[in-house]
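There are two complexes below, and they share chain A, which is joined by chain B in the first and by chain C in the second.
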Partner chain A sequence: MNPNMIPALIFLCPFMTALMVPFFHTKRSVSQILTLAALAGSFFFSLKGLSITGNGSVIHHYMGNWTPPYGIEWRLDTLSAFMSLLVSALAFIVIFATGVTVEKECTNAKIPYYTIVLLHVASLLGIILTHDLFNLFVFLEVASLTAYALVASGNDTRGNVASFRYLLIGTAGASFYLLGVGYLYAATGTLNMTDMALRLQELGISRTVFLGVTLILIGLAIKMGLFPFHGWLPDAYTHASDSASALIAPLMTKVMIYSFIRIVLWVIGRNTLTTLGIGPILTVFGTLAIVAGSIMAFMQRRFKRLLAYSSISHIGLIMLAFGLGNKTALIGAFLHILNHACMKAALFLVAATAYHRHGIDDIFDFSKLRGKMPYTMAAFCVAALSMVGIPPLAGFFGKWYILVGSLQAGKPIFAVLVVLSSLLTALYFFKVIEQTFFHRQKENVTVQEGPLALVISTGSLAIGLLILGYFAPAIFHWGFNLLVPAGVF
Partner chain B sequence: MEIYSIRPILAILVSAIAAALILFTNKHKNLRESWTLIAATLKFLIVLSLFPLVTEGKVVVFKFFELLPGVTCSLRVDALGLYFALVSSGLWIVTSIFSIGYMRGLQEHEQTRYFASFALSLSATIGIAFAGDLLTMFAFYELLTIATYPLVAHKETQEAIVAGRKYLVYCLGAASVFLFCIAWTYSQTGTLTFQPGGFLENAADPKTLGLLFILFIYGAGVKSALFPVHAWLPTAMVAPTPVSALLHAVAVVKAGVFGILRIVGFVFGPDLIRDIGMGNVLAFLAGFTILFASMMALAQDNLKRRLAYSTISQLAYIVLGSALLTPSGYVGSMLHLSNHAMMKITLFFCAGVIYVKTHKENISEMRGIGYKLPWTMIAFTVGAIGLSGFPAFSGFISKWYLCKGAIEAKLWGALAIYLGGALLNAAYLVPVVVTAFSRNGQNFKPDESSWTLTKPPVITAILTILFGLIPLLIGWQLELANMAARGIFGG
Partner chain C sequence: MLNQIVGLFNYGATFFLILFGIYIMIVRNNYFRKTIGMVILQTGVILFFISIAAKWGASIPIIPHDLHGTVDPTLYENPLPHALMLTAIVVGVSTLGVALTLLVSIFRSYHTLEEDKILKEMGDRK
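For the complex of A and B:
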């Protein structure tokens, strides 16, 4: 097989299947199996791509053989292979897990749920793979539109409102992004990332470029839910169907963070972190996000809402790490993207199981779950402790490298903040753990575990966190010069 | 000389595996408890098998992974680590037997969770003992916090839940500070591996190092219940008594003290601490803790709370010993680490027996109880007298070395506190014995059925006497302690 085709294949697997699924939309089980097959295909090709790019080489794919800067270039380097592997693997696990809940939750919605899911994942993969700023916008829009649909897909009508709100804010974000790309195009006359990077070096930062960059970054910040642009996120995650939020929450924001970092480092250059002050601004927003997100999470009653605010806090942590402008912290941030995606997927699956099986989504009712779902709640404990950053679980290592990075960057104040973020995370997760395990509910408990697929997926994610914890340092060493090549950072 | 072996990790894993087995056999009580006993015995044997290697001067190493350039997470068994591991794994066997008697005697709920958490805590404790670098030690500190939290909150009353919260806030807060210090140390020195005599020399200016030292002591000191961060320990006494016995007299608090011994001897080193003038700061803090906690102990009527304050004060003895920065002081600290463990666990066991047999917790209600529980209260008496430092009990030997250390360091204040502290010790423990053996007019029949409950205190009391009398046993203790001190102080 021609390795140049791999980027296209990663994308085409879910995309083409998305077109086939509607024919089976009356039989959800068939659609689910097709979806899983497509995602497995993506996963396989991502893995293959990673094995090729794992030594630092880059696969270029030119759409229709039009060479850049005229045609659209897709590019698979180590970082995009890493991200596409993460996205396809997690999407596979979540889709595998939520078959039963989709059946139950999306009865009103006459949409072929799996088509939307596949389009969503395909466009996320597109965002990861494309090396063209306008092409990125297209996928950004497809990913967002499908996400709006997914948020509204449940039986809960509040999902529609949340979806509409997400649509308004998300459209604003996309418009910012498009406007920014327009300015940059006006200044440089190109849309290819590498080409634009070269021209920007010659041009320097003119006012047009500055405006373009600012708009692009604001647009992406809105899309990723960086505080204070997070307004859409809590409602969207809370009121979406459980299956949909388990899919969107771990992936969407992470991919947005990825494209933010990609554009800053690969297009406008790492110097802008200091010259344009992007780094300091990010650290400020990150700080606010960590503190505000954690406090808001602590105040929530609904479990999914707590998780949503926790996401906001951790997005802040990742952006803070990026803003530090230190390579250890940056790789730590990528590690945390990986870990956080796995943890959040596990936690949202726990939320789905609790609601699906016992109708419980209020934290203060979690005491009723005691003893009923031993495996699910064990997985919950692992994921929560990993979020807190208890070694040797995976969540610890991302934080550790960010911590070391901030000290290496000579900014001990942010090191304090990273440590503080762990404590704040502990605050709201132990609240749930305490409710679940230490509030007496003396009645004859019969074990009523969730559906088998859910339990298997949640459990394997929890075990995965242990394994990931053991290999985290190895991933760090491997990724140190590969994820972000020396020339870029 | 280093030798590579998987025995250190086996010693840690054996109780972790037991914890898993306990969870899966929660329906079969006897089978479930047998895992605890098997794991305890195996663990002790594995730790014991390292003894000959370490006394030959070898360091047993097991490597996990390279975390950062220059930082390899590893287990390294040296004299100090082995010493602590022997104490905690040895006493776990006795405590396991006692736990079974206690939990069944009271028909406690959630026994599976209890035994699983207990086994996991022991894994963490041995991990702390064997940790070869700061980060590995931190990891097991965190694990210990998490594993003991369910034990503290075990009763599930509002009081227990609040105690659990308090415990978490104290311990996780300290762990954060500890983690920050570790990252800071790494960014200054590029290494985290423990070295006898320390590795921080010339790492930064004295003021920065002083601050780092204080933060480190805070990070480890919360677990060792040093004033002013001691408040969680008396609150945590709401836990079942075997938990108080092993975790709040041996594993958790001793892990904290052990951390301080490591930091003093293997991270900073006595010379550096003397240079930056932090020895006296630590000594003052510990000295104050001894006096303050002893006074507080006098004022408690609840037996377990009195013992808790006594623990706080005795732990500060150990910290003070290390703060003297002399070989004898360090040896004394190590000896007291094990001797206090034996005596205090005896006292807690006795408190547990009293609670199961009579449901009494307050000393004022215990009049004449010595006639109902004669062996138990004799064991209590041994523990009480030993703790006061009476010759022929193990407490005497460690206090002897501590006083010698104070004289070597020419810190007369410390010497005065050691001697005066012994009096205070007697003042708050002997009245318990007196009350227990006073006649109150009732005729008690001795009732000490259920050997799993009543024999362990007798066993540990006998140990207290043996380790105060038998030269061979004392010799083993001293051999390890001297090895550790030689490594740190040279010569």
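For the complex of A and C:
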């Protein structure tokens, strides 16, 4: 097989299946199996791509053989292979797990749930693979549109309102992004990322470039839910059906963070970044997000809303690490993207199990769960402790490298902040753990585990966190020069 | 002077449309009006792209069949932003479609599109 086809194949597996699934839409189980097969295909090709790009080489794919800068270029380097592997693997696990809950939550058989899921994942993969700014906008919008549809797919009518509010804010973000691309296009006359980076270096910073960069970054910050722009996120995650939020929450914001970092480092370039002073601004927003997100998470009663605010705080942590302008912190941020996506998927699956099996979504009712779902709650403990950053678990290592990076950058105040974020995370997760395990309860509880697929997926994610924790230093050293090549950072 | 005013008119209109759209989206209480604001914002961005493609004295980008030698780019408008905006218009229409679908289903379950009433009722349903 020609390796140049791999980027297209990663994308086409879910995309072509998305066109096939509607023929089986009356049979959800068939659709689910097709979806899983497509995601497995993506996973396989991502793995193959990673094995080829693992030595730092880059696979280019020119759409319709139009060479850049005229045609659309897709590019698979180590970073995009890493991200597409993460997205396809997590989507596979979540879709495998949520077959039963989809049946229960989306009773309207007219909703082509798995088609939307496949389009969503395909466009996320497109965002990861594309090397063209306008192409990225199109995938951004397809991913967002399918995310709105997923948020509204449940039976809860509040999901519709949350989805509409998400749509308004998301469209504003996409418009800002598009306007920024327009400014950069007017300044450089190209849309290819590599070509634009070269021309921007020649041009230097003009007012046009400055405005374009600012608009693009604001647009992406809205899409990822960075603190002052996070208004859509808690409602969308809380009121979406459990299956949909378990899919959107780990993937969407992470891919947005990826495209933010991709544009800042690969297009705008590190020198321009320093001149414009984007780093310090990001650290300020990150700090605010960590503190505000954690405090808001502590005040919530609904488990999914707590998880949503926890997401906001951890997005802040990742952006803070990126803003530090230190390579250790940057690779730590990528490690935290990987870990946080796995932890969030596990936690949202726990929320889905608790609600699906026992109708519990209030954390003060979690005491009723004591002893009823031993495997699920064990997985929950692993994921929650990993969110806090307890050493042998994966979550520790992302935070550790961010901390080391902030010390290397000579900004010890942010090292204190990373520790503080761990403590704040502990504050709201220990509240849930305390409710679950340390409240007196009547004896003779019968074990009522969740559906088998959910238990298997949640358990495998928890075991995955342990394994990731073991291999995290190895991933860090492997990725140090590969994920972000020396010329870029 | 006149040329400058005419040349900058489009950008002024873009600026106005974008800010007006955002203003409507923030200030209005009715979800349908907010949707209209969203469409105005998108239109502003599309007008911006079309404006940066325009040139004085340029024509449609079709090369005559009897042309010999090289193409003089100053004689033709830049076709790329137009092509991009066709895609962006399609994206905008699909966004509007999803927004209207959501509005219909919101109206069916809440019987209103006023944001404050809907949010109040959402709070009650908790």
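Keep in mind that, in the parts below, the second predicted complex is superposed on the first by the 487 of 489 C-alpha atoms of A that agree within 3 Å, B and C clash if a C-alpha of one lies under 4 Å from a C-alpha of the other, contacts with A are read in each partner's own complex, and residues count from 1 in each chain.
Criterion: contacts are C-beta pairs under 8 Å (C-beta built on N, C-alpha and C of every residue); 3 or more make two chains touch, one makes a residue touch a chain.
Because the structure is predicted, anything quoted here is derived from the model rather than measured.
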Partner chain in contact with A:L167 - chain B first, chain C second, else both or neither: second
A:A143 touches, of chain B and chain C: first, second, both or neither? neither
Which superposed partner A:L34 touches (first chain B, second chain C, both, neither): neither
Touching partner for A:I257 - first (chain B), second (chain C), both, neither: neither
First, second, both or neither for A:F438, with chain B first and chain C second: first
Contacts of A:T157 with chain B and chain C, given as first, second, both or neither: second
Comparing the two partners chain B and chain C, which touches a greater set of residues in chain A: B
First, second, both or neither for A:S175, with chain B first and chain C second: second
Chain B and chain C footprints on chain A, overlapping residues: none
In the complex with chain A, residue positions of chain C that touch it: 18, 22, 25, 31, 34-35, 38, 41-42, 44-45, 48-49, 52, 81, 84, 87-88, 91, 94-95, 98-99, 102-103, 105-106, 109-110, 118-119, 122, 125
Of chain A, residues touching chain B in the complex: 328, 385, 388, 390-392, 396, 400-401, 403-404, 407-408, 412, 415-416, 419-420, 422-423, 426, 430, 434, 437-440, 470, 473-474, 476-477
Chain C contact footprint on chain A (complex, rising order): 134, 137-138, 141, 145, 148-149, 152, 157-158, 160-161, 163-164, 167-168, 171-172, 174-175, 178-179, 182, 185-186
Complex contact set, residues of chain B against chain A: 65-68, 73, 113, 135, 138-139, 142-143, 146, 150, 153, 156, 160-161, 164-165, 168, 172-173, 176-177, 179-180, 183-184, 186-187
